[in-house]
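All chains are identified by letter, namely A, B, C, D, E and F, in their written order; residue positions are counted from 1 within each chain.
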Amino acid sequence: MFYHDNSLQYKVRVDKPNPAFAKLLQQAIGGIEGEIRVCLQYLFQAWGSRGPKKYRDMLLDTGTEEISHIEMLCTAVALNLDGATNELKDKVAGENPIVSNILGGMDPRQVISSGLTAMAVDSNGVPFNGSWVVGSGNIAADMYANVMAESTGRVLATRLYELTDDFGMKDMLSFLITRDAMHQNQWLAVLEDLGGVGVNLPIPNTFPTEIKVPEFDYAFVSTNIDQSMTQDGRWTSGSSIDGKGEFRVVPAVPGAPTPDLGMPDVKGYAQAQQMSGEDKGLLENIKDTILP
Amino acid sequence: MFYHDNSLQYKVRVDKPNPAFAKLLQQAIGGIEGEIRVCLQYLFQAWGSRGPKKYRDMLLDTGTEEISHIEMLCTAVALNLDGATNELKDKVAGENPIVSNILGGMDPRQVISSGLTAMAVDSNGVPFNGSWVVGSGNIAADMYANVMAESTGRVLATRLYELTDDFGMKDMLSFLITRDAMHQNQWLAVLEDLGGVGVNLPIPNTFPTEIKVPEFDYAFVSTNIDQSMTQDGRWTSGSSIDGKGEFRVVPAVPGAPTPDLGMPDVKGYAQAQQMSGEDKGLLENIKDTILP
Amino acid sequence: MFYHDNSLQYKVRVDKPNPAFAKLLQQAIGGIEGEIRVCLQYLFQAWGSRGPKKYRDMLLDTGTEEISHIEMLCTAVALNLDGATNELKDKVAGENPIVSNILGGMDPRQVISSGLTAMAVDSNGVPFNGSWVVGSGNIAADMYANVMAESTGRVLATRLYELTDDFGMKDMLSFLITRDAMHQNQWLAVLEDLGGVGVNLPIPNTFPTEIKVPEFDYAFVSTNIDQSMTQDGRWTSGSSIDGKGEFRVVPAVPGAPTPDLGMPDVKGYAQAQQMSGEDKGLLENIKDTILP
Amino acid sequence: MFYHDNSLQYKVRVDKPNPAFAKLLQQAIGGIEGEIRVCLQYLFQAWGSRGPKKYRDMLLDTGTEEISHIEMLCTAVALNLDGATNELKDKVAGENPIVSNILGGMDPRQVISSGLTAMAVDSNGVPFNGSWVVGSGNIAADMYANVMAESTGRVLATRLYELTDDFGMKDMLSFLITRDAMHQNQWLAVLEDLGGVGVNLPIPNTFPTEIKVPEFDYAFVSTNIDQSMTQDGRWTSGSSIDGKGEFRVVPAVPGAPTPDLGMPDVKGYAQAQQMSGEDKGLLENIKDTILP
Amino acid sequence: MFYHDNSLQYKVRVDKPNPAFAKLLQQAIGGIEGEIRVCLQYLFQAWGSRGPKKYRDMLLDTGTEEISHIEMLCTAVALNLDGATNELKDKVAGENPIVSNILGGMDPRQVISSGLTAMAVDSNGVPFNGSWVVGSGNIAADMYANVMAESTGRVLATRLYELTDDFGMKDMLSFLITRDAMHQNQWLAVLEDLGGVGVNLPIPNTFPTEIKVPEFDYAFVSTNIDQSMTQDGRWTSGSSIDGKGEFRVVPAVPGAPTPDLGMPDVKGYAQAQQMSGEDKGLLENIKDTILP
Amino acid sequence: MFYHDNSLQYKVRVDKPNPAFAKLLQQAIGGIEGEIRVCLQYLFQAWGSRGPKKYRDMLLDTGTEEISHIEMLCTAVALNLDGATNELKDKVAGENPIVSNILGGMDPRQVISSGLTAMAVDSNGVPFNGSWVVGSGNIAADMYANVMAESTGRVLATRLYELTDDFGMKDMLSFLITRDAMHQNQWLAVLEDLGGVGVNLPIPNTFPTEIKVPEFDYAFVSTNIDQSMTQDGRWTSGSSIDGKGEFRVVPAVPGAPTPDLGMPDVKGYAQAQQMSGEDKGLLENIKDTILP
C-alpha cells in the first residue's frame, strides 16, 4: 500500500527556464529509458514475485523510490516551461522564421496540449508504452532487464547533464545519476545473492540442461561468407562464461532443404495462379519438410 | 551486405498441425522477447558500432543468424496452420459454440488477414514495435540489453517447449533454446572482454565518477514507512559490486519542500478560478523551489 | 515524495483460480478505463498544478490511492493464474481441441511471457499507452476527464462483477466500485468548488467570450438531409446550460466553395499528369479560397 | 448513410502560409483532442446506441458535422504548407543551420511523406490511435467523455488562436471555438435530459446501490503520511454531489497483510533459487491472502 | 461538407447472433484492411488533392461511401453481440471451462468495455492506427495504395463470407465484396486515365530519369549465394514493364568496403573500452568510407 | 538461410555531416515508406509462399537485398551525426535560442538515446510498426502492396534527394532511387507473369464471381447531394478495367431503414434512462433491421 507527503526527494531548481531542455527531459520521464518504465517494472515484478519474500520487499522499496523520481522530473519540466507561452507570443508578432526556431526546439504539445506541464511521452512526443514493462517470472532474467534499464537510463542522464549549463538542472541530474549507479550495483547484487553468474546461467536455470542440440552448444556461428573474417574474441574460444563448456567457431551451414508449404487452402481465396501446381496433400507437405 | 540460400538453418517439422500453437509461436517472432527484436537489435548495434572493429563483426554474425531463426519460426507457423480453414469451415456448418472454441485458441488474423501464414505480431496480435530495438552507443549497456533479450527469449522458448507435445516442434525449440544459451554466454563474454564487471561499472564508465551526490551513493533507499521491515540482502551491506563503495540502508526522507509552480500563463487559457491567487512572478516561483 | 508498506489497501481473495478471469482483470489494470491510467493522470495533473495549492494536494492523495488499486488488481491476477500451467500441461497431453479452449479464454502471454503474473496491458494484450494520461493545464477540462475516467472505470468494474461468481473477487470489486463512485462525486465536487457548471462553461472560461461566430453560437447543426427528421431534445431549444444563450436548430449549409489547392510543388515529385493544368500561382490559390 | 457536397462548412483562408503552424494544426486533426477522435467517437456511439432513438439521431448529426471540421483543418494545413518546399530548397543551397531552423518548426513528414498535405497524425507526427474512441454503452459515461473531448478540444483551439496572427486562421479558429462551446452545452444538455446530475450519479446508475463497502463510501482517502496536511475542500465535508451521502476524510490504513503468492510453477521455468522455499500449496497460498 | 440520413446503404440482417463473428467483423472495421482506413485514406487524399479537380471530386464520392460501410459493419457487430451478456452469465453460473470457451471466441472488450457494440479496433482488439492512412501527394502512388487496400479488403471479406453461414451476414458481405471489386476497377481506371502503366512508371514520373545508377537499372539482383538457383521469370529477362529497358540478372556483389565510424564522441559517454583505439578524426573517418 | 560479409552494397559517403538530414533519413529506415518495412514484407511473403516455388525464391532475393539497403542508410545516419554532440556543446555554452535551433532540426533521441546512430523509428521518432508488414496469402494483393511500397518509397527518396546538396548523399540516393524503379517494374512483372491485369481482377480471382449484388456492380456511387456535380472520368463510363462490365454512375440512395438495436442488456449496466423504452425483444429487433 502506498503513501505520500508533499515534499520532493531531492531539490529541483531551474535557474533559467529552457523549453528546449523541457523537451529533452521528457525522455527521462516517458521514454523507454525513463522513470515510468522502471517504476512500473519494479512494482509489477514485486506484485508478481513468487519465492523468497525478500525480493518482493526490495522491489517495492525501489519501485516506490522511482515514483519520487518521476515527480522530480515532472516538476523540472514545468519549471523549464515557465514563460514559454509569453515568449512564443512575442515571437509570433514578429517574424515567422523565428517562431519556427522556437517551436523546433520545443515539444509543441507541451504548449498546446498540456499547458506547460510534463506528459507521459518521450522527447519526440511518442507516448509511454506498457510493453516496455518487463516481468518474466524469472528473477535472473528480470535482474538483467533491470541492469539494462538502469544502464541506458544512466547513459541518458549523463547526456542530459552535458546538454545543460543550468546549475539547478545539473544538480538534479547528479542526484539521478548517483541513484542509477547504485541501482546497477543493486540488481547485480541480487544476481550475486542468487549464487552469482555461474549458478544462474543459462537463464532459466531450471530447464533441464540435457535438452539441447549439442552441435550448436557454445558455438559462435559465423554467418560471414568469408569465414576467415571472423576475428578472435573472448566468445570464440576458451571456457564459456557459465563454466560448463568451451567456446568454438562454427560456420553457418544449411540444416534443412527449402520448405514446401504446398498449395493454398481453397477457401482462403488466393489467386487462381497459385493453385496451378501439384498439391501433394497436407501429410506429404509436412513430410517433405523433414530432413532425410 | 547480405546473402541467402533457400535452405533453413535447422529442420522444421510439424507432425500434427495445431493452429493454437501457431498463435503461441508468434510471441517468438514479433513479441518483445522475439527474434525480430534481437535480429534488428544486433544489426542496428553493429551498424552504429564505434570503437574496436571486432564488435561490429561479431554483432553482424549473430544478427544475421537471427534472420534465419525468424525464417524457421515463420515456417513453423505456416505448417501449424495447414488445414485450419478447412477445419473451421466444417465447424461453422455445425454448432456456433464450437466455432468459438477453435477461434479462441487461434489468432483470427492468421486466417482472415494473412491466409495461414506468420505475421510481424506477438501472440495477442499486437504488432512488433521498433521501440524495442535497443542500441545506446554504449557497448556495456547494450550487452546487458542483449543478455536480457536472450534471457527472456530463452524463458519464452522453454515455456513453448512445455506447451507442445509435437516431436518436430520440440526438436526445433531445443535448437533455439541451445542458441539462446550460447548467446547469453556470448554477450557476457563481451563484458568480460571489456574488462569484466568491476571495470565496466557503473555504466557508462566514462562519466566522471566525482560527479555525484555522496549521501545517496551505494545507499539502498528504503521507502517502507516502517524501516524495520527492510530485510538484509546482498544489497544492504558489504562491498558494492563495482568494488568502489559499501552498501548501506538509508530511509527515504524528504529533500525539498512542496514545489510551487505559480499562476498559469494567461494565454494558456486555464480556468478563471486558477488565476485567483497571488502570482509571485516567475523569479520568485523558481526561487521558492530552492532549498534554504 | 512516496512511501509504501507491505500491506494491501483491501483484502484480495480468490476462492477458485480462473485464468480466464485473470485476462478480464487486465482491462482494469492496463486498459484505457484502468487504474494505471487514472493513477498517472491524477499524479501528472498534481505535478503540473498551477494556481491554488489545495488541488495539488488532493490530486496527490487520490493518485497515490490508485497505486494501491493497481497493486490489488495485480495480486488478483496472480492468484487467478495459480495452477494455470499445470492445467495446461495436463491438457496438452490429451486432445488439442481442449487446449485451444483453455488458451482461448486466457491471455497466452500471461503464461508464456509473464510467468503467471499481471502485465501492463489490457484484456486483449494491447499495451498501456501514455497518450491516455490527460492533463490539459485547465482544471475544469481535467475534472471532466477525471469524471469520465471514473465513470467508464465503474462501468467496467460492474461488468467484471457480473462475470464472476467467486466470492473473493466480488468482494474486491465491490470495494473498487465503491471507490469509483466516491471519485465521481469527488471530481464533480471540485467543479462545484470552482463555482459550478454555469461559471465554468464554456471551458476554458478565460478565453474572451466575444471572440466567436454568432450565427453558430448555441446552434444545434442538423446534418440530416431531411431536416424534419431532427427530433426535439433539451439541446434544440430552451436556455443553454451555461445560461448565456438559447438553443436553436440550424440546418447544415455550405459556408465556402470548393477549395482550390493549385498545382503540386515541382520539387515534391507528383505525377506529371498532376502538373498539366493552369497554375494560378500561390497568391491566387489562396485568394480563391476566400468567400466573396 | 452519408452524403457530401464540394463546399466547406466555413471559409478557410490563409493570408501568409506558415509551415510551422501547419504542424500545430495537426494536433487538432489527428491528436487525442482532435477532430478525427470526436468524429469517430460520436459516430460509434450513434451506431451502438440502444434505448431511446433521439440519442442516435443527435449523435449522427454532430458526428457528421465533425467530418466537415476535419475537412476544414486539412484544407488549412495544405494552404499553410504552400511554398514550403521552395523555401526549403533555397535554404539548403545556403547554410545548414538555417535548414535546421526551418525543419525544426515543421513536421518533416509533411514535406517528405505527404507532399505538403495533412496526415492522420498529431503535432509530433504520432499517428491517430483508435483507442481514443470512447463508447461504453452507458450514455452518461459517454456524455462525460464527450464533454471532456470538447473541453480539451476548445482549450487546444484557443491556444492555436493565440499562436497565429494570420487573420484567416484566427477566423477559422473562432468558428471551431464557437462550435466547441456549443457542443459542451449540448452534451451537458443530454445529461440534463437524462434527469440531471443527481439522478445519473453514480455512473452506471443501474448497478444495485446496496452493493458497496460502506466504510469507503463518500470517504476522501488521505494518503498523506501527515494527515494534518489534508486541506478542506468541497470534497472533504458536506453533502455529496449525488445528494445520497456526506463527504468525510479517512486516513489510508492497510486493509490486508502482505500477499503471499507461493512458489513459482515448476513448468514456468523460474530460477532454481526461487524454488528453494517452503511451498504451502495452492490452497494454502490462497487462504493466506484472506484476512483473519 | 458532409450530410447524412438515418438509413443504411444496404440492409444489415443477422439471423442468429454470434459474438465470435462480431469479433471477426472488427477486422473489417478497425483493421489495416478495414473501412476506417479506406474512408480516411480517400478523404485525406481528396483534401490534399492538387492538380486536376476531377480527382478530388471522385475521392470525396468514394470516401463518403466508405463511411456508410463502417456504419453497416458497426450495426452488424451490435446485432451479432445481442444476448452475449446473458449467455455469458448463464455460463458463469455453471462451469468455468465453458466460460473460457465463450470468452475465447469473443473479444472480451466488446462485453466489458463497449457494452456490446463495435469499437475502432481490429479483430485482436488492436486499435486503428493513423499511420495506415496513405496519401503521398503523388496520385499514381496513391492509386496503387488504394488498389492494395481494396484487394486486401476484398480478400478479407471473402474469408469472412466463408466463416459464416448466417444468411443476412452473407448477404451484407456480398454487397461489400461487390463494392471492393468495383473500387479495384475504379482505382485502376484512374491509372489508365493518367495515361496507363507505361506513362506512369516509374513513380514518381516527374523525377529526372537521367539521375540513376545505370548498372543497377532493370537489374534483378540475386542475393542467392548459389546464383544458379535463380529461376527464370518475367522479371529476369525481356522488356521491362515501363518499356524503357531490358530485365537482366546480376549477382549481389559488394560495392563498398566495411564502413569505419571511428571513435565515439567523448561527450556521448560510451564505455572507456570503446575509446581505446586510434581515432583518425572526423574527416578521415568520412574519407575512409569513400571507395577508391 | 542468411549470410553476410562486411562490405556495403553501394558506397556511402558524407562530405559534410548534417544532423538534420540524419533525422530525415530515418523516414527511409523506420517509416512506413522505409526499408525495414519492405525488407520484412518481402521476407514474410516468401516464408508464407504457397503455390509455385519461383515466387518464394524471388521474394527471398529482394527481401535480402533490402537488408543491405537498411545497412547503407544506417551507416549514412551515423556519418551525418558525426560531430553533432560537440556542436551542441559549443552552442549550449552560448545562447539558449541557438540550442533550440539545432535541436529543432535534429531528432533529440539520436543524441540522447542512441549515441549518434540510427534507430528503428521514422523521421518524427515514431517507432517502426509491425502492422505495416503486409502479406495476405494472395499473391496479386501482395504485389499491389509491393508496388505501393516501392512507389511511396521512391517518392520519399526523390524528395530526400532534393533536400540535400551533399554529393555523397545524392549519390547514395540515386542508387536507392534506381533500385526502387526496378522493384516497381519487378512486382508489375509478377502481375504480368500471373496473366496480367485482366486475369487477376478482381482480387482474389478465386472467389466465385456469381456471388455479388448486381445493382452495385461496376457502379460508381456518387455520394454528392448534387448528382450533376459528378464529373466524367474513365471510371464513370466505358468498359471496366477487368473487361467484364461497363462502368456507370448511380446516385447514393438509402438501402435500409434506421437500424433498431433495442434496449441495452440489463447486465451491461447502461443508465436507467436507456432502459425506459419498449423492448421488442431480440428477435423483433433483428427482424426490424430487415427490409420489407
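Basically, a residue touches a chain if its C-beta (ideal position, glycine included) is under 8 Å from a C-beta of that chain, and two chains touch if they have at least 3 such contacts.
It should be emphasised that the depicted structure is a prediction, and the values quoted were computed from it without experimental measurement.
Trainee: Angle of the rotation mapping subunit A onto its copy subunit E, from a C-alpha fit, rounded to a multiple of 5 degrees, please.
Mentor: To bring subunit A onto subunit E, one rotates by 180 degrees.
Trainee: Comparing the two chain pairs, does C-E have more C-beta contacts than C-D, or is it the other way round?
Mentor: Here the pair linked by more C-beta pairs in contact is C-D.
Trainee: Just curious, how far off is subunit E from subunit D if you go by their C-alpha centres, in Å?
Mentor: Distance between chain centres: 26 Å.
Trainee: Taking the mean of the C-alpha atoms as each chain's centre, how many Å separate subunit A from subunit B?
Mentor: 6
Trainee: Subunit A: which residues touch two or more other chains?
Mentor: Within subunit A, residues 1-9, 32-33, 48, 50, 53, 56-57, 60-61, 64-65, 68, 75, 78, 85, 89, 100-105, 111, 113, 115-116, 121, 124-127, 129, 131-132, 136-138, 140, 152, 155, 158-159, 162, 203-204, 207, 223-225, 229, 252, 254-255, 258, 261-262, 264, 267-270 contact more than one other chain.
Trainee: Which of the residues in subunit C end up touching subunit A in this complex?
Mentor: Its residues touching subunit A are 1-9, 30, 36, 40, 43-44, 47-48, 50, 56-57, 60-61, 64-65, 67-68, 70-71, 74-75, 78, 113-121, 127-133, 135-138.
Trainee: If you look only at subunit B, which of its residues touch subunit C in the complex?
Mentor: 16, 18-20, 23-24, 27, 31-33, 100-106, 122-126, 152, 155-156, 159-160, 162-165, 223-226, 229, 252, 254-255, 258, 260-264, 266, 268-277
Trainee: What does subunit F use to touch subunit E in their complex?
Mentor: 3, 5-15, 17, 32-33, 53-54, 57-58, 60-62, 64-65, 68, 75, 78-79, 82-86, 89, 111, 115-116, 126, 129, 131-132, 134, 136-138, 140-141, 144-145, 147-148, 150-152, 154-155, 158, 161, 168, 174-175, 177-182, 184-186, 188-190, 192-193, 197, 201-204, 207, 211-214, 216-225, 229-235, 240-242, 245, 247, 252, 254-259, 261-262, 264-265, 267-270, 282, 285-286, 289-291
Trainee: Help me check something: in the complex, which residues belonging to subunit B touch subunit E?
Mentor: 1-6, 48-53, 56, 85, 88-89, 92-93, 96-97, 99-105, 107-109, 111-113, 115, 121, 124-127, 137-140, 194-195, 199-200, 203-207
Trainee: Going by the contact rule set out above, which residues of subunit B touch subunit D in the complex?
Mentor: These residues of subunit B touch subunit D: 155, 158-159, 162, 225, 267-269.
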